[in-house]
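In the part that follows, the structures are each spelled out as structure tokens.
Okay, so chain A shows up in both of these, paired with chain B first and chain C after.
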Partner chain A sequence: MFAKAFSLTSVFLVFHALGFTQAEGMVNIKGSRYIPLYGRDSTVVEVKDFQIDKYPVTNIQFSEFLRQYPKWQKANVLKLYADDSYLRQFKNGTELINPQSGNSPVTHVSWFAAKAYCECQGKRLPTVDEWEYVAMADEVSPDARRKPSYNQEILAWYETPRTDEKSIGKSPKNYWGVYDLHGLVWEWTLDFNSVMISGESRKDVDKDSDLFCGSAAIGATDLMNYAAFMRYAFRGSVKARYSIKNLGFRCAKDIDVNP
Partner chain B sequence: MKNIPVILFILFLAAGCKNDQATDHGTTVAYHCPMQCEGEKTYAEKGSCPICKMDLVEVENTTETASEGKFTDMSIYNLPSTWTTQDGEDIQLKDLQGDVLVMVMIYTSCKAACPRLVADMRNIEERLPENSKGKVRMIFVSIDPETDTPERLKAFAIENKMDDGPWLFLRSTEENTREFAAILAVSYKEISPIDFSHSNIISVFNHKGELAFQQEGLGVNSDNTIKHINEALKAM
Partner chain C sequence: MKTLKTSTLKTIALFAISTMLVSCFKSKETKYEDSSQIPVNLEMTAELTAPPHVPTPVGKRKAKKLIVKMEIKEQEGEITEGVRYVYWTFGGSVPGSFIRTRVGDEVEFHLQNHPDNKLPHNIDLHAVTGPGGGAESSFVAPGHEKVFSFKTLNPGLYVYHCATAPVGMHIANGMYGLILVEPEGGLPPVDKEYYIMQGDFYTKGKNGERGFQPFDMQKAVDEKADYVVFNGSVSALTGDNAISANVGETVRLFVGNGGPNLVSSFHVIGEIFDKVYVEGGDLVNENVQTTLIPAGGAAIVEFKVDVPGTFILVDHSIFRAFNKGALGMLRVQGEENEKIYSGEQYEGIYLPEGPGIQEMPTTGEIVESKVPAKNIDEQLEFGKRIYMQTCFACHQAEGQGIPNAFPPLAKSDYLNADVDRAISAVINGLTGEITVNGKKYNSVMTRQMLSSEEVADVLTYVYNSWGNNKTVVTKEMVDKVKGKK
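Up next, the complex of A and B:
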């Protein structure tokens, strides 16, 4: 009886694991501990195993979402959730102004819309720590942050205009099998509003400035990584209803250990 | 047997999307007489009017959908999240409609900025005009819902003599908290299990639930905040 129960459980577990491994368009990321650009000195961040979309969400995929959930179309969306730039590349309904742009990453999406999209796929947005963890890989190593070539390529992209109009998947995948983390658009993260770089760092050199408490505990641990510094600064400067031309997203998902 | 995990998985996927909730509820169908022989009277079932015998027609907007539609686009009353008060009562933000709301995000175990934010809130409350009594709610929203249980919020409220009158303490899930912080443009980050870094922003919402003013910083002069609260009161 126990044996039978055990075998059923293991079938269940194996099947469940397979089910997750095969989640379409996602790859498994093996979690680890690492020191992100920002964190308390000596604070190592732990990222658990998770899954992330191979590609950024495209215009065509977002158009399908708009068809299913009309309340996110730009004519219907609450202003609380999206500013006036929302879905500028779309006509009023689900149709793209430029039909050629279907495979370009969707941009002009607010954090609320990106979050809703992922939730409707049974997923969620990746956290800042997760996103940065996957994005510090180059083609061959999981942490390429010390390589001059890694930083140069990203900075070269930051200088290139209109990369948001390119199609996804045209450049090599990284160590994890993930495409386009760098090179096309910047991406929303679930806790983008956890970044404490705005305000005091611009207005005031005193880290105990009145806008933030505990800000002295937060400082750059790796100023070499200038590209990441720009990303953190950018996240600190946006609001959740902003819809920006070079800001898209992809989704992530927990790996469920208790089926 | 193998199918069960698949079904569970599909169910999980189907349950994952929270976005259609808002459209689902509030659509109870009611019928009324097109001639309105009995005024606003409605009937639960189709049939004919007992007075003029005309066929009853569907009422286009039931009260519930109407109330949902009346929030303006920028109103926080649109948020579907549920919050628990220090008395363990579950509410939605729309339950607070009609009052001017003064809100700040804190956590009760905070030793640095939060006591000053609490003092700032008390200072604002003391400066409110007499005639604003019962029209302004002073609200603390926890950014640490794990630690800040309703019991803990209650103890904090009592300790600070804020357990009645305009004072209200709210907590929700981590996800709802993150979303509400996004609405308020409040940044916060857990820097250890008992310590958060967070922005110090006091927000004023008018009676429609629209953001009217934000006071940034600690111990700042609250003249401007009071001015905006008074304007919001006048607009009621």
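Up next, the complex of A and C:
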């Protein structure tokens, strides 16, 4: 009961503080300790209570952001912060090339731009651990990683082309009330290139932690790891200025301790 | 006219001189003990080919800087008739484009990951001396390109593949191919060269189940392949896609095995390999019937074709050939040579696909197809496919049967007299003496492992072919007969 009241208050606060509302708002995630998906010897990580967007940020929402912050428009963005593919779905300003794609997740967006978007709303990008924590839920349970159906569905998505063109919110929400963590696009995380991948997965050959042949085979204790390996491999392959057709984001927020 | 002639003569003279120059130069050319010391001159873009073709031999050319541009595409294709699958490819084909180099070449490799792709990829070339075979340096996100260089030090035929986690899945989806490093002066010339690569595939539905089939990780881990094929699909080397040669020619096959799991017992029915470059290396074995090609390995086989006919390429782990697709064809045209082979040519009994095994089901459960036939045309189409997989071997292509052994289905009085009896024969089997068109048959038809839908389709096909009475059999009719049992 108390938790619910608290959640309502905080949602109210979020809206209040922003001035620019995220249409469908955020949900509260109850933190916990868990072992992330990778490898046999992974250590327990702790995720504190936090809030996360229900949906990935859409093209329409991003277009509004571009209107308010023109420095992030394609024509104005610093090359340091975005590569040549940046906002390929937009005409020069804030207008979409394909107006039908308004409700599709925004992609072709760099980590810098995603981070700026969230910060301009008083939010931030979720961490890898937070993102993985929310994404391990299916419709009924907070941790569905051992269910074959859960993994099969995710793997099938990784194989399906052009899912980035779909609209948000068309598949069932998960246990936490969050939509589309799997099935549409990859999502940026705040520390996408940290922890085990550490940016070195492309270079180092000495560490067991890299994601090439050997370690993937040794560490893959069961099927659930495969889906995770693909996400970590993806994160390891990108740099912060990359803007990719299948990569979007959503924002997260700490739960305010002081009202 | 005169001037023309002179200039022609001049050209010939020049050509002769230059040839002499080249040959003089050649005789002076140093032999390099250490391949890494071979100098390169000039730069060229590598010719890449899709299977079953290979690029032009290197011949006498010198080592060069060779630019290879390889594009990765994740794309949907057909693994067998009616079965869709998303392949991940190097260069748009499975196996990926063939790369042909010579020892001492400096290869500048551009790996391009198409922007529509969902995943990062890389490439591990077994011809590379260096960490990861290039994998670390080539790890590339969608919409990006990576460039790395290597020098080819050891001649041989090598596999390349994607080595991005989960490696098994990337390979299982088709991310492998061959790179050939020819020795100084090239391989000895032959008449025909082809590129063949075996791979095993794991689909959610069983072999032949129609529609889009996603990859099945559990089956891959358990090494239970639904398809084992040459060049990415069941029909890649059969029918119109067969490779060809003429009598008297020498054929060289570059054969690789991408795996991910199964090793290949590569064999050509009716041929003996004159030469096998064992495991793609320097060791040449002669007069070989079947050569073992490990997953992630290759072999070069050569043989002269002496007689015309269709020669069947198989993985001699033979159920893979006839039930999972590991079958290709080499058509040889030319004069018969009865001294070498006098018998009549026989083709058609080899079933390139499908569950043609006559086996008693262990349980009563047979899964209904998820894509039922929508109308009579589809029923006939699906029915024909089932017929070719299941009934063809005994009842033959035109339903004529085999005299004294298997009764005909064409213009069959027995068949047309009683549809329920026909349904029952398919679902329950049939033993004992029967009379068909005035002839007695006493043989055994085993119970067929078909769903009600499939029984309806195949019988509808039979009833609407070869002068039968055009009965349309529905799933309900089949279920009714099943109920009576």
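In this text, the second predicted complex is superposed on the first by the 201 of 259 C-alpha atoms of A that agree within 3 Å, B and C clash if a C-alpha of one lies under 4 Å from a C-alpha of the other, contacts with A are read in each partner's own complex, and residues count from 1 in each chain.
One rule holds in what follows: a residue touches a chain if its C-beta (ideal position, glycine included) is under 8 Å from a C-beta of that chain, and two chains touch if they have at least 3 such contacts.
Since the model is a prediction, treat every value here as computed from it, not as a measurement.
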>> By the touch definition at the top of the document, which applies to A:Ser149: first (chain B), second (chain C), both, or neither?
In response: neither
> If you stack the two complexes on chain A, which partner ends up touching A:Ala116: first (chain B), second (chain C), both, or neither?
Replying inline: first
> Thinking of the overlay built on chain A, is A:Glu159 touched by chain B (first), by chain C (second), by both, or by neither?
Replying inline: second
> Is A:Leu190 touching the first partner chain B, the second partner chain C, both, or neither of them?
Replying inline: first
> Taking the superposition as given, does A:Gly236 touch the first partner, chain B, the second, chain C, both, or neither?
Replying inline: both
>> Let me test your reading of the model: by the given contact rule, A:Asn246 touches which partner, first (chain B), second (chain C), both or neither?
In response: second
>> So chain A touches chain B in one structure and chain C in the other; where do those two contact lists coincide?
In response: 210-213, 215, 217, 236, 239
> Residues of chain A touching chain B in their complex?
Replying inline: 8, 11-12, 15-16, 19, 40, 43, 69, 71-72, 78-80, 111-112, 115-116, 119-123, 190-191, 193-196, 198-199, 210-215, 217-218, 236, 239-240, 259
>> If we count contacts the way the header does, which residues on chain B are in touch with chain A in the complex?
In response: 1-2, 4-6, 8-9, 12-13, 16-20, 22-23, 73-76, 78-79, 110, 112-114, 178-179, 181-183, 185-192, 195-201, 216-220
> What part of chain A is in contact with chain C in the complex they form?
Replying inline: 85, 148, 151-152, 155-156, 158-163, 186, 201-205, 210-213, 215-217, 220, 223, 225-226, 229-230, 232-234, 236-239, 242-246
> How about chain C: which of its residues touch chain A in the complex?
Replying inline: 74-76, 86, 115-120, 122, 124, 131-132, 135-137, 139-144, 163-169, 173, 204, 214-218, 221
